[in-house]
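Two complexes are shown next, each including subunit A; its partner changes from subunit B in the first to subunit C in the second.
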Partner chain A sequence: MADILRSALHDAAGGRLQIAEVPGLHYVNLRGEPAAPNVPGAVTDVLKIGLPLQPNTLGASETAKVYWLGPDEWLLASLSLSAAEIVSGLRLSLGGVHAAVTDLTSGYTSIRLRGAGCRDVLAKGCTLDLHPRLFGDGQCAQTLLARAPVLIEPLPAMDAYQLIVRRSYADYLWHWLHDASRWAA
Partner chain B sequence: MLLITCPWCGPRAETEFSCGGEAGIVRPTAPDTVSDAEWADYLFMRSNHRGLHREQWWHAHGCRRWFIVRRDTVTYRIDGIEKLGAAGEAT
Partner chain C sequence: MTQPARLRHGGRIHRDRPVTFSFNGRQYPGYEGDTLASALLANGVHMVARSWKYHRPRGIVGAGAEEPNAVVQLGEGSRTVPNARATQVEIHEGLSARSVNCWPGLEWDLLSLNGLISRLLPAGFYYKTFMWPKSFWRHYEHLIRKAAGLGVAPAERDPDYYEKYNAHCDVLIAGAGPAGLAAALAAARSGARVIVADEQSEPGGSLLYAREPIDGLPAVSWLRRTLAELATFPEVRVLARSTVFGYHDHNFLTIAERLTDHLPEDRRRGPRERIWRVRARQVILATGACERPLVFTNNDRPGVMLASAISTYTRRYAVRAGRSAVIFTNNDSAYATVLDLLDAGIQVAAVVDARERPQGPHFEAARQRGIRPMTGSAVVDVRGRRHVQAAVVASLGTDGTALRGTDTTLIDCDLIGVSGGYSPIVHLYAQSGGRPLFDEQVAGFVPGPAVQPQRSVGGCRGSFALADSLREGYEAGTAAARETGHDSAATLPPGPGTLERHDYALRPLWRVPDPPGHARGARQFLDLQNDVSAADVFLAAREGYHSVEHLKRYTALGFGTDQGKLGNINGLAILSQALGQDIASTGTTTFRPNYTPVTFGAIAGRDLGDLFEPIRLTALHAWHLEHGAEFENVGQWKRPWYYPKPGETMHEAVRRECHAARNGVAMMDASTLGKIDIQGPDAAEFLNRVYTNNWHTLKIGQCRYGLMLREDGMVMDDGVTSRLGENHYLMTTTTGGAARVYAWLERWLQTEWPDLKVYLTTVTDHWATMAVVGPRSRETVKSVCGDIDFEASGFPFMTFRDGAVAEAAARVARISFSGELAYEVNVPANYARHVWEALMSAGAPYGITPYGTETMHVLRAEKGYIIVGQDTDGSLTPQDLGMEWIVSKTKDFIGRRSFSRADTARPGRKQLVGLQSADPTLVLPEGGQIVDEPEWSAPVTTTGHVTSSYFSEALGRSIALAVLQGGRSRTGQTIYVTLGDGRVAPATITDPVFLDREGRRQHG
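Right, the complex of A and B next:
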């Protein structure tokens, strides 16, 4: 199956476009009032990242990212720390503050679309203006891609986009990307 | 398609949203004491207004927040956006 996908992509875009799963990421959802001092503090304690308070932005370190999902909701994604470590660390730092920390690792995965024309491929199924002037480094957006809910993060330095998607949609989205790539520039 | 400006995420396509009907419907504070007619009025009766209309929208595929859109039901023109709580609604 993987061979078929790779070879067709290669034929379609001259091997310039790559679709790959980003494995090994741990996902944790955090909900809480950002005005409560322990909420931004807990994220800084555990991941050494300042909590992003601007809509559609993210905070990043070498090994982890914190995505803004809503005015009181964030997605934490980490390579180095396990979800159990993040969850227990956050709960310890949050203390008695009214907040929710949920391990979503088994529910999400990431797909990275990389190479020339990756923006054109996404634009085929997404209503967002993906131009780097409006949607660049340090930004992220939850939207629909080919009717599947995704969190899109542009990675301009790599000429790539990362799509965080529910695993139940991942297979569908993978095939849709593969199909859409056949007409990429 | 409508271009709706979410008060948090900015302008997004209508497909990301779900409409929750007329805004400002207040649930009776003591449901046990109201008559059937008053309860039915709260549950079912809407103004079906022609012209400028305040309605609830939910950014289902974005930040998942409810907010209020003032929209002209004749021209579809959106006149204004409010966060919940701004006009006294429960958040």
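Right, the complex of A and C next:
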């Protein structure tokens, strides 16, 4: 979605490290058996994205993403559809299938790190190997960044990473990121 | 200023960049590129310390991490560094250093008296001398610590920035000498991700002073070419000033990189140090070897140095360590030093070789230049106190354990270079879990089989010849890269074809025989930092300290900041001789991290202050800040504690907040409560199993309080759960228990009850919760919510309604943790600030007052409501808490079966009670122990303790909750709470509910 956008000051920023909140995303948590009828179908119906079944991968369209969180859990993030629309759409498509659809829009926010040294900044607080050889397009990972639980998504085309973080940790993580990038690059 | 001992040419110092530094208060000149040790030697300063126990003068011995004597305190104030090795400290303009072990002064030393009474200070002298009388130890300890010297930690706050970096690589190489660089080159050319770490100021290791050419180039040219090539690989990092100090499980290694200490303070930018936490798929250890000293009488005199250190100072730093040298060796390598001295124009007064028939390439080269060693001989003693003046040489007997006769030769000199062979630096290999093996050929411990994906190459595996180091490095680099899927066979660099493998032809000589008329092993020093001599080892062996670990602790051999890098192997060998066993059977002491000391600043990194632990904030935090809240830490959360008005004390603020809640309206941010969304057709059954009460009867729109137990029947959490829909519930947990409860519930679902169709989702962060409390709460909420019927009959206690509060979609629940009429307004956190402010405006006519956790505690204690974790401690059942009413007798639930355990069912368990102190103004101390009699003396049996205690605004007196043995049957009795200062406070046992026992207020 946002990967193909280029903001007005993208070039002016000259590739320097930028840290910015990405507000306005709608988040919905989905739990269900991927083998159950309607579960993958519901996601495709509503978001036009195939349900990712491989661990630590995501499915994406221009306006939404579906992150694998566990064998029966996904996080849906959308720019255009509201959480209410996603929740009601999913419930409609799921019919009577046992599943849990939960609006978490206020429970998360996203932070994007972009530009020179962004991988190094993350490496100061993240023990995962973020090298593009191992962690690239279409992948995501749930881990700790410093001491905050986060979902990390690489955006290699933008030389960026997106972090989805629980609301209550966001301020801590924001300060940690600024501290960690003090001497970056 | 001139540097009297600086050679006119050569070295890797920057003569165009002079530097002034100070040592023990005196200014000296040096050059950028010098270490503190090389610069001191260039200025003719040898004596740098007094020894630990006998306070003997000590000089610079080595040129690297092994240095035991030249231990200095750097700088002043907050940036001071204790116990730095002068051999590793790079000088810069303004550097100041002083010896750490020379109280009261280096030149004039009171304590050298100890040297004269040294027979009173044998090994174990602490244990023997200072243990009697026992009560005097603390006086002794103070004196010993002062006398023992060593550096001083900074007392001020550390002003510098330290950071950590998590790195991953295919191949990590420890050491950038010839072996490490050859390995790096081979691995790099394969495309592997490579990290090379070297502890020195520049990579190169022995190449920085080596005599041999490589590929037809001088060693330093080959080094330059190699580093230039490595710099072309984007996936290769070469870290200088970076010590691999720990080798842990799963090929996890830790590196301390020193980034700015070598610069003058005004040129320092960025982090001072960085800890690299490296997870490597393959590890290559190329840490080299450390030359061993020889053990002879007075071998600790300033001017006695390692031969390799003399070469380093001569060739790398262009420093003349003396004018006239005696070289004492038992192997070929020291002849390279002889050649270096000759090249530098330094007189070689004699070469004393323990071998009857010297051999080896360096020896041959030296012989061609006219050197004729004294063979089969040894330096047996040294003349000169503050500096070497002469070496005393004698002939060795055939087996080396005695002298041949009593004749000695005195050779004038001011420098004695010693070489007893090389000890491979097997520290990291041993830390990786390997057991070093004794190798007779090497006369030292070498790595045994690898226990992690790891290889040792070059000097650290006993291959001391340059050709072997390079070849092993190439091979290991290639093989390690191949293991990670990077094949470099096609691009293997050419080997160092011109170099021949050679033996360094060593004759083991662990201890030189005592000179005529000397006691056995006296003043033959092994561990220079701890003043341990061969005589101490003999004594320990005589007294039964046969294990090498016991020897270490009895004599202190191998302790200290250098951890015995120099003297340990000699000590082991001498112990072995004393015990009549081979060295392999004696073994080594345990090698533990850290290889060299790591500063606390680096270990802490950025885990300091506000970054030490996450600070979790609610969506209303900014409002609380703007309105002057004081905060309390609850788990990782910051919660408003109370909101003092200007000039108000905490007590006054809390009374005001309590008054508003009981008489008007007050509001609290309760967003931190854990919230778990529960969906599925078996949700009610699931709740029935995890809570003690019945959940099948809860109707949609209703709320119910629940108590959660562990399997042992003890209370673990509590909270209110609401039924949102047919198969949909929302559970709340305690603030601190949220994560634990969620994991607990998932565990039961996933491992014990996979048949239950239930999904859990954490929604704590999504919802903001505002508790609107007090007799005027109805009017307050009602005025900003038009679509909910607030009449008591239509919206009874413990139900909820969905509606719009200040236009935001909200769930409003009649739940009360205060005993008052109360509404809990839940909105998505993005709307929290707007709704909170709307409620504040709506309540303004009634004097709405924000309140914090302290008032919440007072209000709930007045009602006898427990807080799990404060009034409970994991050892209380619902029955202990007087909550039998919530325990179903008709169904099963986690913990129920434990009620019939003998200890759980016995009478006399601690029970929750109320307490009212006889003095109504006295707030009993929380945690105060309860005794039954006012007169008591320790030890005394206590029968309970105070768990919660406050001043109740509503009651106008203090109240407390306590747990007390058999407490409920003792209502009306007086007990005594100990105050911690010997006094007690009498208090009457009461019901734990102090206010509105009938619950009229909350049902209003």
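One rule holds in what follows: the second predicted complex is superposed on the first by the 170 of 185 C-alpha atoms of A that agree within 3 Å, B and C clash if a C-alpha of one lies under 4 Å from a C-alpha of the other, contacts with A are read in each partner's own complex, and residues count from 1 in each chain.
The working rule: a contact is a pair of C-beta atoms (placed from the backbone, for glycine too) under 8 Å apart; a residue touches a chain by one contact, two chains touch by 3 or more.
Keep in mind it's a predicted model, so treat the numbers as computed, not measured.
Among subunit B and subunit C, the chain that touches a larger number of residues in subunit A is C. Legend: residue contacts after superposition of the two complexes on their common chain; A:175 is shown touching subunit C, with no touch to subunit B.
Once chain A of one complex is fitted onto chain A of the other, the partner contacts of A:127 extend to both subunit B and subunit C. When both complexes are overlaid on chain A, the residue A:167 reaches subunit C alone and has no touch with subunit B.
By the document's definition of touching, of the two partners only subunit B reaches A:55; subunit C does not.
When both complexes are overlaid on chain A, the residue A:141 reaches subunit B alone and has no touch with subunit C.
In the superposition on chain A, no contact is made by A:37 with either subunit B or subunit C. Of the two partner chains, subunit C is the only one that A:105 touches; subunit B does not reach it.
In the superposed model, A:183 lies in contact with subunit C only, and not with subunit B. Counting contacts by the rule stated earlier, residues 127-128, 147 of subunit A appear in both its interface with subunit B and its interface with subunit C. Within the complex, the subunit B residues that touch subunit A are 8-10, 12-13, 15-16, 61-65. Residues 29, 31-32, 72, 98-100, 102-108, 120, 123-129, 131, 146-148, 166-169, 171-173, 175-176, 179-180, 182-183 of subunit A are the ones touching subunit C in the complex.
Put simply, subunit C touches subunit A in their complex at residues 161, 163-168, 193, 269-271, 277, 279, 606, 610-611, 613-619, 621, 637, 677, 679-681, 757, 759-761, 763-768, 828-831. In the complex of the two chains, the subunit A residues touching subunit B come out as 55-56, 69-71, 73, 127-128, 141-144, 147, 149.
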